[in-house]
């Protein structure tokens, strides 16, 4: 397998076509469709960020809402208090998240907290931080933090104030960058190290890999990427509440797409986000016809179960096979 | 704040902690034997609470009288769930198991929501407003009842594992599933019984907890998390550990609520969890993995 | 530089008071193949793990090429120049055979992936796995997995290769292939090898020197011929047979 | 979840238990002669209603929806012409935002909602971008009208206003009862509403020259499962009376715990939070629910529209309580309908202009005419003192609307029969 066929021609064409279609989408799509697409891309982006840690390096984090929240609050609070441009806020958020990630990583990996225990450690940190933010007045505590709304008609990219279309292109760019970044990571030394650790940590260790360092790199990269998603949420929503941004629900939502799509694969998070959103929307429509609230969620649970039962590896490996895109392994 | 005040607070924390412990017992039993982390734990408890509520409002059955019924029903539920669904997923990776039980949780929560609506329900016993006064100590009557009930159920569970053949077989299964299979134990059935017993514990806990708190469908995830904190504190798979963890969380909530700020008390539970995970990852009474 | 490649002095390990390995001493001369044999429970794998750094020794000293590596962890010892295989094979199941080997090779050449791929393929060809390079490792048969273990260890460019029962479970023909491969590595590439083996015909064919362990202690060493006629060795093996 | 309901009472916000009653409500509407009237209007107002009908706020979202559904026939009788487009926000701001966009795409002329402040802000942002007017039924976050939104109109006091008005009413309460306590203990929920109220109370206590001081402030987690510790702490404060800022469930827990721990104070009062006036509170606490007082905007029992609404509601949903969620959601629909009638068109600009000049005197709640200031806030929303008497919330102050006399200090828990 050479670099050239890491992405076979057919797949490259497919991807470029997809990208072109997405880039042209605002011309055709209405605001509703656009907001759905933003949801999809945001979920795909966050899923890819989580995938670095879990899918590539095999470290199960159930508390990624922590990094979403830190990124959102760092960017949001700096902007709300000092008018700091989001790009600077993004940097701050990435640093804070990376630090938080390395604290959790150091503690978890050094003390050999593994598997489910590690996952619960990450939840504990996220919940801990949620309660902390609930009481931190500078960021509005539980009353929430509000970003000033601009009334200018023009999009202001540098301050991330503007129309849905602008936000759409921002998240499209972020998702595309995350995809390319993930691909680059997988094709590099660290990517191979991660996969080795994911498959068998002891064997990886015996091959001279600095396992601790590799895992730390995964956590830090994943946390920083996730925090950027948080920043997007902050500026897109304009208001932040610890209760929702740090919630376990968000952590779960964030990884659901990736697991459904195909954990550890490059395209899985994207496919999973599309599939889940489509499922959600379809169920909303069906639910509206049945006319009982809650049917949607039940059907959602059932669908999830069915996918897990029949495609535990996710949809993408299966679909890739059906589409005969198996040229590269991923 | 005087000594009596602290004694009151501590005793309330202890009593609530025992019920928490019972709830966590179910989680601990299931993990200890099958290595399955039951993320639908809180949801099962909410179902038990609603069942108790129905038995009380429709048939006038007191929660303590309803307890065997509810526990029995949950046993059957757990048994069937394990047989039909979870058994297929025993060997798979953790995150798939997690998602599977999550989807079970989503379904349960929303079925409950559809059937009972989102309102909080509670039952009103005469005892609900009464309390025992032991000198300066004021003990909430239902809290005492619930704690004693939890203690009894825990003792029963211990006796089950200690003195019955099935209980011993399950313990053998937990220690060495391959060996258990070799000596001819029906491991699948034992797993189902285990899941049933774990669920029955949750059922009993739900019954007793309804004396103390109001039930609504969205209570479940809080209790799932709380259950995890408790079993990890005590040690996953350790029965005594679950009770100890429950009491610890009850106490830490009580004391941090008094000494610092009540709204920060969950943070202390999580803080305690982080501390224990780092200092003793297997939990206070847990065995080394 | 002269002196032995590996030198083990007074090596000991206790597990909760249980003495698993006691005062073991031997050397592996540069360019030689040394075999570590003994009945089950003799402490061979423990000795191996002490050398490879899976856990630290309770006492004693391990020197690799003149450098003290006592008590270093597994990864550091690998980087110091010891490549090892596991008795129970540990392939990276989800990766391809080629990628499995690349992981070991990536520590060299500044992590250049293409160079590592090339190196991996060379090693795979050497071990006659070249045609299976693009298969997922989980599809390999046991003999292939054993060879993959060796390939992975080789890819780290070790000065010393530790092989833990790579012949176990192989049929005689496959066993002979492996012997030929290892001999080739030793003769053509000058690789020093320390191996644990139960398959005596492989031990006889391969080793220049044999160390015998029993109950965690060295009871004999010498050439294969010397060792097999050593009374203590016979006693312990016969005793093993009778027990 | 958007559905163009010709028959507005078939709300999706129902569960099976309520199904029968909803059918009854539907029958009621049909009896009101709906087809003829809606045919008469040239272009009815398409009103997008966004409420949290599922998720953790479902209870309140469904109450709000009931208020609107029950109110539809009343509005038609008043000569208004509205078509509802209902959508469920699932108690999630992100869903609220996409649903708002969906409603607008499907032709909603105006939006109504969304009860919780986070979703309301998200939806207001969408409305602002699209230039579609948005009437807020309930939502106490000050930012909703302080953000500078041009299309947002709120007929509900912000948390600080609620707090101020509620606090001022304490003076009237003490004057009416002739008893003036010196100390209070404040228990509050630590969520966005509770913190907003607390902020208002802390800022105003020194300014309002009240006769009492707050000796201890105790916040608790919205997810608190039991409040024994909080109440123990409150008991230890030994204050003359108790002030609380709650939601529903915690209000029940709180009072029950006070009974258990025998915390006897002159009264359990709130300067403006929900909880203690709700039917569930009465059901759960029985005799112990009595005498709790709430200072909130309330139905005007002397107003015709308010009476009509209560009657229609009690007929359709005898099990449910007709509270301010119902009345303010109804009033929001009334405001929307009124603006549409005056604008004479469904053009968003015209509707917005009409909303700005709203002046409705025939309303359901206490207070003068509904009008909006430049920020889109109705500043004319006085609170009443509502005390739980005889198993139902009863207006006791201001005296001109009072149905009964205030009981303060309240009888001790021990002596109740």
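Labels for the chains are A, B, C and D, by order of writing; each one numbers its residues from 1.
Keep in mind that, in the parts below, contacts are C-beta pairs under 8 Å (C-beta built on N, C-alpha and C of every residue); 3 or more make two chains touch, one makes a residue touch a chain.
Given the structure is predicted, the values throughout are model-derived calculations rather than measurements.
Undergrad: Provide the labels of all chains in contact with chain A and in contact with chain C.
TA: The shared contacts of chain A and chain C amount to nothing, since no chain touches both.
Undergrad: Going by the touch criterion stated earlier, list every chain that contacts chain A and also contacts chain B.
TA: Common contact partners of chain A and chain B, which must touch each of the two, are D.
Undergrad: Could you say which chain's mean Cα position falls nearest to the mean Cα position of the entire protein shown?
TA: Per-chain C-alpha centroids compared to the overall one single out A.
Undergrad: What chain is the most remote from chain B, judged by the mean position of CA atoms in each chain?
TA: C
Undergrad: Return the distance between the CA-based centres of chain B and chain D, expressed in whole Å.
TA: 37
Undergrad: How many angstrom between the C-alpha centroids of chain C and chain B?
TA: Whole-Å distance between the two chain centres: 50.
Undergrad: Compute the distance, rounded to whole Å, between the mean C-alpha positions of chain C and chain D.
TA: That gives a centre separation of 76 Å.
Undergrad: Got the chain C residues that touch at least 2 other chains?
TA: Within chain C, no residue touches at least two other chains.
Undergrad: Touching at least two other chains at once: which residues of chain D meet that condition?
TA: Chain D, residues with two or more chain partners: 15-16, 54, 58, 190, 221.
Undergrad: Among the residues of chain A, which are close enough to touch at least two other chains?
TA: If we look for residues of chain A contacting two or more partner chains, we find 131, 134-135, 292-294, 297.
Undergrad: Okay, what are all the chain pairs that touch?
TA: Chain pairs that touch: A-B, A-C, A-D, B-D.
Undergrad: For chain A, which residues count as touching chain C in their complex?
TA: Checking each residue of chain A against chain C gives 1-3, 187-189, 192-193, 195-196, 198-200, 202-211, 264, 329.
Undergrad: Can you name the residues of chain B that touch chain D in the complex?
TA: Answer in residue numbers: 1-2, 5, 8-9, 12-13, 16, 113-120, 122, 124, 128-131, 138, 140-141, 143, 212-214, 216, 218-219, 222, 253-254, 257-258, 261-266.
Undergrad: Where on chain D does chain B make contact in their complex?
TA: Residue list for chain D touching chain B: 15-18, 54-56, 58-59, 62, 190, 218-221, 223-230, 232-233, 236, 248-249, 252-253, 256, 259-262, 280, 284, 286, 288, 413.
Undergrad: Okay, in this complex, where on chain D does chain A touch?
TA: Those in contact with chain A are residues 1-3, 10, 12-16, 53-54, 58, 88, 92-94, 97-98, 101-102, 104-105, 117-118, 121-122, 125, 128-130, 141, 143, 147-150, 190-192, 194-196, 199, 221-222.
Undergrad: Which stretch or stretches of chain A touch chain D in the complex?
TA: On the chain A side, the touching residues are 30-32, 34-36, 39, 131, 134-135, 141-144, 146, 148-149, 151, 163-164, 237-239, 241, 243-244, 284, 287-288, 291-294, 296-297.
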